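Next up: the structures, one after another.
Consider the two complexes below, in which subunit A is the common component and subunit B and subunit C are the respective partners.
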Partner chain A sequence: MSKELVIISGKGGTGKTTLTSSLAYLMKDKIIVDADADAANMYILMKPKVKYSEKFKGNPKAYIDPDKCTGCDICRKLCRFDAIDITDDGVYVVDEIKCDSCRLCEIACPEKAITMKDVFSGEWYESETEYGLFVHAKLYPGAENSGNLVTMVKHRAHILSEEKGIEYILVDGSPGIGCPVISTISGANFVIIVAEPTPAGLHDLERVKKLCDSFKVKSGVVVNKYDLNEEKTKQIEEFAKKEGIEVLGKIPFDKCVPDAIVNLEIPYAACDRIKNAIEQIYKRAMELL
Partner chain B sequence: MKIAVTSGKGGTGKTTISLLLAYASENPQYIDCDAEEPNGHLFLKPKIEKRIPYTELVPKINEDICTFCGKCADACAYKALVVMGEPLKKVMFFDELCHSCGACAYVCPVEGALVEVEKQVGEIAIGKAGHIDFVMGQLNIGEASATQLIASLKRDYMDESKTVILDSPPGTSCTVVETIDGVDFVVLVTEPTPFGLSDLKLSVELVRDMGLPFGIIVNKHEDEKHLIEDYAKEENIEILYRLPFSEEFAKMYSKGSLPFEKYKNDFASVLKRIEEKL
Partner chain C sequence: MKLMITAKGDNLNSTIDERYGRAEYFIFYDTESGDFEAIKNPFLNDQGGVGVSTAKFTIEKGVNAIISGSYGPNATDVLKVSNIELYKAVPGTVEENIKLFKEGKLQKF
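So, the complex of A and B:
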């Protein structure tokens, strides 16, 4: 079994992709996974050559056959997701974006006018990059179920790693604490939580740390842009100490990082000021993995 | 007027822009719909007057009268119920999988065997921060989806006589759809980076799909970075405002404050511009 290193953050924009892409640069013998399906960004820096792609089915959505529907209104009253509308011409229709796929309307319709129809909710890709194989995906706007998509890209990466005898899987995870993150961290061998020294940063860190604990996954913290607010950084370090998680490293703020990204360069390769910190984080993470 | 502020992903300054807009309005209500990670209160520091538990319905089974027919489990599309018949006679319920759809209760043939009860999955806080009416939804950790909570925020707590600013969750998935559904205008916040542009395109696709009027605010704007400008021009989208990049701003933000007064006039004109467009 290959080992899985996952990078997550309590919130987007904390520099998660900066760190993941830099680790992708340093790490040998791995498959890179972009599991941030809602806002996939790694591909921009990885410049992938897509070798294979496939559409991904989401949960089936309700569909009302207008020829069978008598307009009894039962389905609309029962649907708790407000997904059934009546058009100006009095036709019953399902709003696919709102439909939660619960099937209650299908069960309840006395005319059997409702069936569940498959819809595609995204695409996933297998690509080659300068830094190794890359599995990534795109969710169509408004589509839900990114949790499933994350599970799928990770699964795909594990199959590939077995086939090719690759030792590590490096995952750029989803931010937040919702269902996609739960899918991202389940099965991980080690999770790096990227935190920013902001009031929200500490709060977000507490929440993801709890989440990792509840899934019994080992985790460590990286403070990004730590020198923007040294006091908050101290608070994060104190929190980590209290909770018994290691601070793997602190990355200084460097204007060079956003500039590197604008030029589509990997921050580690482009910015001297952050090199030391990232190397240290890399070494420590590999020891703990 | 209902304005939703959203961005392809987190950390682009969505909360900052929402708050600056709210502050600049004379009669604002700020609703933090980012129920997984609400942050607005950290900057507004509102006086919370009321905390209301937010509940959803989940099934409760009375095993004394249940016949273990299994109909409820068959109806549950999310596999939240497992029924074991003879000799075990047990119904197991996995509440973290339940979407509160009501299908199980609808199909149960035995009266009283399966009733729906309220379970607290989050909280709604209401208060005031200066002249800003403040509303925040917060989901308990481990609850899968905030969509219904956002629906409740909008249905039960929105004050339409005010200028309502809805601070949306990040991304382009169901929670964002719920937040922006039915608003008068959507503000898309972005940064002049390739990441920002990639996320912005997804958001634009979404708001266009939903047929909502929208405009862009560029955060951390720098004159020499044209990515967003070029895209907006090409797509014929108005850039409502450019908030310049400043290290001082970043430092202030990291200390939990924002230069509200400094930008008040600017954002008041943004609000006026939006009103004119409607």
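So, the complex of A and C:
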């Protein structure tokens, strides 16, 4: 069984991909997974050569059978997402982008004219990169990431790792504490939570730490851009101490990091100022994994 | 008593599935008779709410204790009020975990 190292953050924009891509650069014998399909950006830095791709299904969307619909208007009145429109010809249709798949219309329709229809919501890929095999996904416009999609890409990575005898799986997770994050953490061996020294950064760290605890998964904290607000960084360190989680390292702010990403370069490889901190985090994470 | 074990396959030699809600198979095992029934997880490909659906399914099956790797927060909320005991599986097969459970060697989650 390969070991799964997951990088998440309670809040978006904390530097999760900066750290994951840098770890991907340093780590040997691993498969990289981008589980953050809502804002998939690892591929920009990994420059993958796609070897295999497949479409995947999202939530089923309501479909109204025009032959059975009598135009009673119940579904349109009930829909909380305003997803049901009437065409100029008086035909009831569902706007698939607005439909939230709640099935209320399906239950309410007295004519049983509404059924749920599978739709494709994106594609997932198996790719080769300079840094190892890479499993990632892309959503179609308006589609959203789901626990199902995260499970699928992680599952695929585990199959590949077993086939090829690869020891580690490195996962770039999504921000927040929702369904995709739950799916990302489940089954992980160690979770790195990236936090930034802001009020929202600390608050969201608290929430995501609680989520890791509920799974009883070991976790550690990385403070990114720590020197932008040393006072908040201190608060994060105090929180970590109180909760008994280790601060694996603190990455200084460096204007070079956003510049590197703009130039499609991995921050670790491009920016000298963050090298020590990233190496320390990498070393410690591998010990704890 | 009736046990539920999350597994990657449909028999007692299958490996434990670390995941509760998105486990591949649920194995229901009767500790008195040694009989078991394997059911493919019907919620595996749902987009969300899988933990709660699985917890509901578990309760409907009249299970007394569950052996799985980890339990998510929403599933735990449902299971907590049902008097079902949650155990932490150890890496290995379903059979090995049942044996440890019978010997009282599995830790509660």
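Definition applied: the second predicted complex is superposed on the first by the 259 of 289 C-alpha atoms of A that agree within 3 Å, B and C clash if a C-alpha of one lies under 4 Å from a C-alpha of the other, contacts with A are read in each partner's own complex, and residues count from 1 in each chain.
Assume a contact is a pair of C-beta atoms (placed from the backbone, for glycine too) under 8 Å apart; a residue touches a chain by one contact, two chains touch by 3 or more.
Nothing here was measured: the structure is a model prediction, and the numbers come from that model.
Contact with subunit B, but none with subunit C, is seen for A:T198 once the two complexes are overlaid on the shared chain.
Once the two complexes are overlaid on the shared chain, A:R207 sits against subunit B while remaining clear of subunit C. Contacts of A:I159 after superposition on the shared chain: neither subunit B nor subunit C is touched. Which of subunit B and subunit C touches more residues of subunit A: that partner is B. After overlaying the two complexes on the shared chain, residue contacts for A:S183 are found with subunit C alone; subunit B is out of touch. Of the two partner chains placed by the overlay, only subunit C lies in contact with A:V217; subunit B stays clear of it.
On subunit A, the surface patch touched by subunit B in one complex and by subunit C in the other comprises residues 59, 101, 146-147, 179, 182, 211, 214. Touching subunit C in their complex are the following residues of subunit A: 1, 57-59, 101, 146-148, 151, 179, 182-183, 186-187, 211, 214-217. Subunit B contributes residues 8-12, 36-37, 39, 42-43, 75, 77-78, 99-103, 106-107, 141-142, 144-148, 151, 170-178, 181, 192-195, 198-199, 202-203, 205-206, 209-210, 220, 225, 227, 250-251, 253-256 to its touches with subunit A in the complex. On the side of subunit C, the complex with subunit A involves touching residues 18-22, 44-51, 69-74, 76, 88, 91, 109. On the side of subunit A, the complex with subunit B involves touching residues 10-14, 17, 36, 38-41, 44, 59, 78, 80-82, 97-98, 100-104, 107-108, 139, 141-144, 146-147, 175-179, 182, 196-201, 203-204, 207, 210-211, 214, 228-229, 232, 253, 258, 261-262, 264.
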